[in-house]
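Heads up, the next two complexes both have chain A, just with different partners, chain B and then chain C.
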Partner chain A sequence: MITSTSVPLDIALRMLLNGAKTTIVLSVFSILLGLLIGLPVALMETYGGKTLRRVAMVYEGTLRGIPLLAIYFVIFYSMPMLIGLGLSPFLAAVVGLGIRSSAYQSQIFRSGIQAVDEGQIEAALSLGMSQWQIIRHIVLPQALRMSIPAWMNEYVIVLKDTSIALALGIVELTRQATYLVSITAEPFRYYGLAALFYLAMVLPLTYLANWMGKRYGIKGTGGAMDVRL
Partner chain B sequence: MDGKIIGGLLVLMLAAAVASSGCISGGSKEKVLVVGTSADFPPFEYKDPQTGNITGFDIELIKMVAKKAGYDKVEIKDMDFDSLIPALQTGKVDVVIAGMTITEKRKQVVDFSIPYWKADQAVVVRKDSSITVSSLDDLKGKVIGVEKGTTGAIYIKDNLGDQVTLKEYNSYVAALQALLNGQVDVLVIDSPVANMFTNKYDVKVVYTINTNEHYGIAVKKGNKELLDKINKALQDIMNSPDWNKLVEKYFGS
Partner chain C sequence: MSDSDRVLIIRNLTKRFGEKPVLKGISFEVERGETKVIIGPSGAGKSTLLRCINRLIEPDGGEIIFNGTNILERGVDIRKIRAKIGFVFQHFNLFKHLTALENVKIGLKVVRGMSDEEAEKKAIKALRMVHLEEDAFHKYPAQLSGGQQQRVAIARALAMEPEIILFDEPTSALDPQLAGEVLDVMRELAKKKVTMLVVTHEIGFALNAADEVLFFYDGVIWEKGKPEEILYNPKRKETREFLKRIADLSVGGP
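So, the complex of A and B:
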C-alpha cells in the first residue's frame, strides 16, 4: 500500500536541481527573446512615425496588461485552434514569457534612450550625422549602459515567472517541489527548499547587477548616487 | 551591442525552436496513446522520486487499458489539473486520467468512460481527539477544513451549510497542516488522500461519507470510437484478477 513516504534528501535535492536547470534555461531563452523584440519596439516607439509608434504602443500595452498565464493559454491552446499553429510546451513557454518580457524591456530601453542628453543629439545633427548614425553611435551605447540595472532586474523577474510555465506541463523548479509535497505532505520543507534554490539563483544576479551598474554605468547620469557621501 | 552577438543569439533560438518542435511527428508505425494527467495526486498519479517516472494507480490502469485497446505505447503528459480539459479539447492529449470525478458540468465539455473508482470522503480528526462521528449530524457545530473546489467542500456546503464553520484551503496539504495546528478540528477530504497520511501524522479517520462520486477516464467530446475501446477494455480489466491485484497494490486490502 502506498502511504505518504519520506524522500531521502539527496534524491529531493537532485529533483529540485533538475527543476532549477530547467528554470534557468527557460529564463535565458525568454529574456533573450525579450531583448530581440524589446529593443526594436523601443526604437519604434521613440523614433518611429505615427503608425510605427502606434503599433509599438499597442504591442507593449497589451502584453503588459494581460496576466502571463492568460498569455500562455492563448499561445498554447487558442492559437492552434485559431490559426493552426501548434507549439511544444517548452516553445510556448519561451514565446509567452519572451514576448511579455519584450513589452517591459521596451519600456526599460525607452527610458534609457530618453535619458541621453539632448545636447548631444543636437551636436550630432549639426555635424551632419543621419538619424540612424546618431542612434547607433551616440544614443544606443549610452542608453544601453544606463539600462543595465533595470534590465538585470527584469531578468530576475523573468527567472521567477518561469514557475508559471508549470501550467503548460514544464517541469521546472516549482513543479518539482509540488511533486515532492504531494508525496510527502510536507509543504514547508519542499517549498522552503525550492525558495532557497530561487534565492541562490537570484542573489548572485542581484550582486552582479549592482556591480555591472557601477562598472558600466555612465558617470554623471547616476543622479544622487554620484555624490560619494 | 554587436550585430554579431544578436545574430548568434538568433541562430541559437532558431536551433532551439527546431529542436523542440520537430520531434513530435515521429513517423514510426507505433500506435501511441497520449495520456494527460496531473501527477500531484498520490496514490492515483505521482512522481516516483527514485525513478523520476510518473506512476500510480491511474497510470498503471491506463497502461493496461491502452494495451487491451490495441495501442503499442502510452505517452504520459503531466500538467496542471486545470489544463487537462483544455488539453483534451485541443487534441494535445487523447485521454485524461487524473482521479477526475465525473460531474454534470464536466460532462458538458468532455465524454467520460464508465466509472472505474468510487471515491468517498473521509472525516479525519487528530489522533488524540475525542470527536466521534456516527452520522453527518455529528459534524454540526464543528470547525471543518476542506480543499477548495473539491467535491468534499461542495458536499459539506450543500448538506450542512451554516451549521458548521467551514474553512477552505488551496490544497489538502494546507488543510492537513490546519488540522495538526488546531485551526480546524475536522477534515473532510478524499479517502485515498486521507489514507496517505494517517500513517505518518497523528490523525485518524473516524467516519466515511458516501458521496457517490466516481472517477472516470475522459476523452474529447464526440470521440465515440476511442471511448468504446476504452470502455470495453475497462470492463474486461475490472472483471479480471488483474484489477484486484492493482487495487491491492495501491490501497492495501
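So, the complex of A and C:
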C-alpha cells in the first residue's frame, strides 16, 4: 500500500530551492574545472608536438565517448578499489562533470584558436613576436571572445547534467524533487516544479550569452552568433 | 659601394615545394634608401621570395645577408631580424581585436618593450605619416575601408623603424581608388628614402617611384634595369609578353 502525505507549498519550494543551490554550486565548480583543463588541452592540440597532441586527442576522445553516468561510476566506485583513493560524492561529481566538460571545452577553444586566420599569425611573426607572445596577445584574446557563445551553451549543458549527480547521492534539484514525489506521490507537480526551476536558471543564461557575445565580440564583425537552446 | 650601403644582399636563393622548384637561384641587392620593384606573373613565387627574406618560409639554399649578417646561418636570432624587416601583406592582416592605434602599438610594446606612453607617441606619429584620418585611430579593422586598413598596416611596419619594408602586392586586394591612396603613401615613403622592396602589378608606381625594376620569371630574376628600360624597352621576349598582358588588362582586355 502506498501512503502519501501532502507537503505545504512553501516547504516544498524551500526544498527545491536548496536543491537548486547545490545544482548551481556543482555546475560552477564543474565548468571552472573544465575550463582549467580544457584550455590547456586545446593549446596542446594546436601547438603541441606530436606526442602532446596525441595525448590530448586521446584524452578528449575518451571523455567524449563515455556516458557521464559511466564516468561517475568509474570515479566514485572503481577508483577506491583501483588506487585506494576515495572521493566524497560532491568531489566525485565535480571531477566527473568537470573532466567531461573539459573535453567539450577543449573542442570549443580549439575551433576558436583555429578561427584566427593565418595572415594575422604571419603579421605577428613578422613583427618579431615569439610563439608564446602570439598566443598571449593575438590568438587567445580573439579565440576566447569567439568562444563565448559556445562556452555559455556548454555551461547550460553542464547545469542540466548536474541532475545525473543524483546517482552519487548528491541532493541537487532533481534529487529533491524525487524526494518530494516519494513522500507525496505527486510526480507531475514536483517534477514539473523542478523543470520550472531549471528553466528559470537556463533562460536568463541564454540572454546573458547573447548579450556577452555582442558586448565582448570583436567590433565590426557583427558580434557573435545567437545562442539557442 | 661599401657593405653598409647595402641593406640586403641575396645570393643564389633556392626553394622548392616538394618536386616543384619555385626559386631557382635568385640574386640581387637592395641599397639603403632605395625602392626596388619586382614584377612578374602571378603564382610564380614572388610572395615566396619575400617570405624567404624574413624566413616566414625557410629557404633551401643560398645566402640572405641583412645588414652584414647571413640570416640563414645557425645561431641567428630570427626574431630580432624580423623586428627590423617590415612586412606589408596583400590582405593587410591587421589584428582584428585591436584598434588601428593598438595595431601599431602592439609590436612596440610586446617586441620592443616600450612603455604604453612611448608606444602611443610613436604609433600616432606613424599613423599620421600614412595620413590615417584622426577619427579612425580608435576604430577596429572591420570598421575601416581596405585602403585605411592597408595604411594602418604600413604604419605598423613603419613604427618599428625597420631597415627595409617588404610589400607583397599591397594594392591587389583594393579597388583602384583605394589603391591610389595606398600608392600615394608609398610614393611619399620612397621620396623620404625609406628602403622598400615592392612586389606589385602597379606599373605606374614602378615607373615613377622605383630606382630599379626586377622582372621575376621562371624562378629567377629574368631581367632588371631602370624602370623606363624594363617597362618601355625590355630586352627579353618574356618580359615584353608579360607587360603586354598587363597593359591589355588595364585597358579592359584584348
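Definition applied: the second predicted complex is superposed on the first by the 216 of 229 C-alpha atoms of A that agree within 3 Å, B and C clash if a C-alpha of one lies under 4 Å from a C-alpha of the other, contacts with A are read in each partner's own complex, and residues count from 1 in each chain.
Heads up, the rule we're going with is that a contact is a pair of C-beta atoms (placed from the backbone, for glycine too) under 8 Å apart; a residue touches a chain by one contact, two chains touch by 3 or more.
No experiment lies behind these values; they were computed from the predicted model shown.
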{"item": "Touched partner set for A:Arg145, first chain B, second chain C, both or neither", "value": "second"}
{"item": "Touched partner set for A:Ala124, first chain B, second chain C, both or neither", "value": "second"}
{"item": "Contacts of A:Gly169 with chain B and chain C, given as first, second, both or neither", "value": "first"}
{"item": "Which of chain B and chain C A:Lys219 touches, first, second, both or neither", "value": "second"}
{"item": "Most chain A residues touched (candidates chain B, chain C)", "value": "B"}
{"item": "Footprint overlap on chain A, comparing chain B with chain C", "value": "none"}
{"item": "Touch list for chain A against partner chain B, complex", "value": "1-5, 7-8, 11-12, 15, 29, 32-33, 35-36, 73, 77, 80-81, 87-91, 94, 140, 144, 166-169, 171, 178-183, 185, 187"}
{"item": "Interface residues, chain C side, partner chain A - complex", "value": "51, 54, 56, 79-83, 85-87, 89, 91-97, 106-107, 110-111, 139-143, 153, 156, 160"}
{"item": "Residues on chain A engaged by chain C in the complex (per definition of touch)", "value": "117, 119-120, 122-130, 133, 137-138, 141-142, 145, 218-221"}
{"item": "Residues of chain B defined as touching chain A within the complex", "value": "1, 6, 9-10, 12-13, 16-17, 20-21, 24, 39-43, 46-47, 49-50, 52, 56, 77-80, 82-83, 86-87, 89-91, 171, 173-174, 176-177, 195-201, 249-252"}
